[in-house]
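Here come two complexes built around subunit A, the first alongside subunit B, the second alongside subunit C.
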Partner chain A sequence: MKLGAPERAVLLAFADDEHLMGQRHTEWIGVAPFLEEDLAFSSIAQDELGHAVALYELVGGHDTEIDAYAFGRDRSAWRSCWLVEQPCTDWAAALVRHWLYDTAEWLRWEALSGSADERVRAVAERALQEERYHRRHADALLDALVGDEEADRRIGEALDHLLPLAVALFDAGQEASGADVTVVGPPLVELVNPWRAEVDRRFGPRPWSSVEPPAGHDRAVRSQHFDEVHDRMREVISLDPTATW
Partner chain B sequence: MSTRTWHDLGDPGDLDGFVAFLAEGGIVEPGDPMPDEYRREVFRFIELHANSELMGGLTERDWIPKAPGLRRKMAIIAKTQDEIGHAHLLYMVASDMGVKTRDQMLTDLFAGRSRFHNVFHYAAVTWADQVAIAYLVDAAALISQQAVLKVCSYGPYRRILKRIVAEEGFHMRHGEEMLLTFAEGTEIQRRMFQEALDRWWLPALQLFGPDSKPDDELITFRIKSEPNEVLRDRWVQKYAPLLTGYGFTVPDPDLRHDPDTGRWEIGEIDWSHLKATLANAGPDSARRIGDAARHWADTAWVRDALERTSARAA
Partner chain C sequence: MRTYEVFLKREGKDEFRHAGSLDAATPELALVLARENYARRAEGRLMWVVDRADILTADESFLAPNVDRPHRHNDGALVAARRRAQRESS
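Let's look at the complex of A and B:
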């Protein structure tokens, strides 16, 4: 089955999200609050980057040179949401984003797992297995921390800051409109309500009417934090773009 | 297979009897009444190993976000995960010896009060330093660990070393593959690796430590099976020809191949560099320990919160 441009746009947005989420998770390896968390973040980051590879392959076809595509594109060709471009320097923010993102990610993979395209379906089915553990990990940590005054304050602040960015994730962008639902599932925006229900269940009811995506959020536009993370990931590879690394 | 333990046989005050028990291949388990000297020396050795695995993981972490390529990045994450996983296991084994808890060991490490291997007191300046570390340092560590595994008398350490040595074998192959990529790479890559080799040859050589003393307690206690100089020479005999064979220059003006013996002879080693790292005063010690301490302090609230919530639950 050949994917059309709108379906590829849906998958590219997901691939870029997974790539940057994996990249951001790597920043916590070795500096998490305890060794077990260093190990967990290592696993989760590897999984997200693995999903990015699989999705880039679907977007570009198997003969695409993944690294050239993932690292060599102009910044204007990226379609990541701003949630994953955001640096999270406090552990509470990293944990809350991990939960918000993985809950959305679960719904996205579920939507793809019914795809009429067997390659898409296979990638989604494998990813869903891994996501079960990611979600369990984030939930277990939150369960353990909730009820402590300082933890609750930090988690609350992180949630206030990150929720607007997280709801913006559900905008797949102009290029994805009209994508074939039998291939990529329902439009991303339709997943926002089940996701909100999960957030309410986890953190208590949120005032959703006042949670708006940040002004100017658009997957075709890069946030103020993109260049820093993009420069870092390209620092070595751009030393000699002709080389095999 | 012998099931004798010192617990059945010994009197903790009988050091000679204990050493004879070890010499016959006796294995010591955590509950055994081991002599204080043994407990102290073995604990110190395992703590040093644990700290080194952790600080090695931290050396790599700085480069993970910059890894050139998605699959390369996943591979280096997996390797870092192994190193931190080794530290995790080693801290458990060390804390079971009842000298310090894991928390005390980490607190001491980040306060600059305990030791870790000399190589992790240096800065990894470019990605090629990562390659040099994976190729030369991991190989040196593997040679040392294989020598410990050969005789290791402390049961829990012996068991986890089996796993560590198996995983380090994969790391060494990963290092070889990265080295080949550079050796067969572009001019820029070859120059980068040569510069990294100039920085890492001597620290890697000194990882084995100075020549062992004739009465090295760790050999008597059957933790080490061979003296440092023998292990160091094994590494030189393997890596000097490989590196020169790839057309790189080993930064030792006195290095020469003796056609009569077939051996590679190295020049005099300046041990002042090792001494500086042993005092946590190596070229990058302050930054490394300082960064680790700062991160540890930044996440203290999580550990404190978990302690409070679990105390409440109990």
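Let's look at the complex of A and C:
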């Protein structure tokens, strides 16, 4: 089955999200709050990078040079949402984003798991297995923290900051409009309600009417934080384009 | 934080073996962190995670009287010799 441009746009947006989420999570290597978490969070980051590779292959076909595609593309070709471009240097923010993102990610993979395209279906089914664990990990950490005064305050602050960015994730962008639902599932925007219900269940009812995407949010436009993460992940390849690692 | 001991069992007839330990704030966290810290490369097909405080332990003084019991270390040589002698005489 050949994917059309709108379907590829849906998958590219997802791939770029996964790639940057993985890159941002890896920033906690060596500095997570405790050793066991350090390893677990980095391992989850690797899973997300693995999902990005699988999605980039679907977008570009199996002969795609993944490194060239992932690291060499012009910044104007990126379609990530701004949530994954955020630095989140506070652990509370990183943890809350982990939960918000993975809950959305779960719904996105579920939508793809019913695809008429068997390659898409296979990637989704594999990813769902990993996501089941990712979500359990995020919930277990939050369960341990909820009820502690300082934790509740910091989680609340992180939610205030991140929810507008998180709802913006559900805009797949103009290029994705009209994508075949039998291939990529329902439009991303339709997943926002089930996601909100999950957020309400986890953190208590939120005032959704006042949660608006940040002004100017557009997957075709890079946020102010993109260059920093993009430069960092290109550090090696910028020094030596032929380097292998 | 509590300390947990992690045991893994490979596919097949191997028994559960001690894989290591970790600190975790809750039992659920112990389980999810044990998965990443000790089983992320498919080192086991089944996993036990046990709160160290729940393990019954015996110290040296409890086990010491068993150290000096040479008569319990039977290598079977004596029995083998008697069987051989019986075979030869019959």
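Quick note on the criterion: the second predicted complex is superposed on the first by the 241 of 245 C-alpha atoms of A that agree within 3 Å, B and C clash if a C-alpha of one lies under 4 Å from a C-alpha of the other, contacts with A are read in each partner's own complex, and residues count from 1 in each chain.
Simple rule for what comes next: a residue touches a chain if its C-beta (ideal position, glycine included) is under 8 Å from a C-beta of that chain, and two chains touch if they have at least 3 such contacts.
Fair warning: this is a prediction, and the values are worked out from it, not measured in the lab.
**Student:** Touch check for A:137: first (subunit B), second (subunit C), both, or neither?
**Tutor:** second
**Student:** With both complexes overlaid on chain A, does A:118 touch subunit B (first), subunit C (second), both or neither?
**Tutor:** neither
**Student:** Check the residue A:70 against both partner chains and state whether it touches subunit B (first), subunit C (second), both, or neither.
**Tutor:** After superposing on A, A:70 lies in contact with subunit B but is clear of subunit C.
**Student:** Is subunit A touched at more residues by subunit B or by subunit C?
**Tutor:** B
**Student:** Using the touch definition from the top, say if A:34 reaches subunit B (first), subunit C (second), both or neither.
**Tutor:** After superposition on chain A, A:34 lies in contact with both partners, subunit B and subunit C.
**Student:** On the A-aligned overlay, A:43 touches which partner chain: subunit B = first, subunit C = second, or both, or neither?
**Tutor:** Both subunit B and subunit C are touched by A:43.
**Student:** Just which bits of subunit A does subunit B share with subunit C as contact spots?
**Tutor:** Of subunit A, residues 34-36, 39, 43, 144 contact subunit B in one complex and subunit C in the other.
**Student:** Okay, in this complex, where on subunit A does subunit B touch?
**Tutor:** 19, 22-23, 26-27, 29-36, 38-39, 42-43, 45-46, 49-50, 52-53, 56, 66-67, 70-71, 90-91, 144-148, 150-151, 154, 229, 232-233, 235-237, 239-240, 242-245
**Student:** Which bits of subunit C are touching subunit A when the two form their complex?
**Tutor:** Subunit C residues touching subunit A: 1, 22-26, 28-29, 31-33, 35-37, 40.
**Student:** Looking at the complex, which residues from subunit B come into contact with subunit A?
**Tutor:** It comes out as residues 54, 57-58, 60-61, 64-74, 77-78, 80-81, 84-85, 87-88, 91, 126-127, 181, 185-186, 188-189, 192, 292, 295, 298-306, 308-310, 312.
**Student:** Can you tell me which positions in subunit A touch subunit C when the two form their complex?
**Tutor:** Against subunit C, the touching part of subunit A is residues 34-37, 39-40, 43-44, 133, 136-137, 140-141, 143-144.
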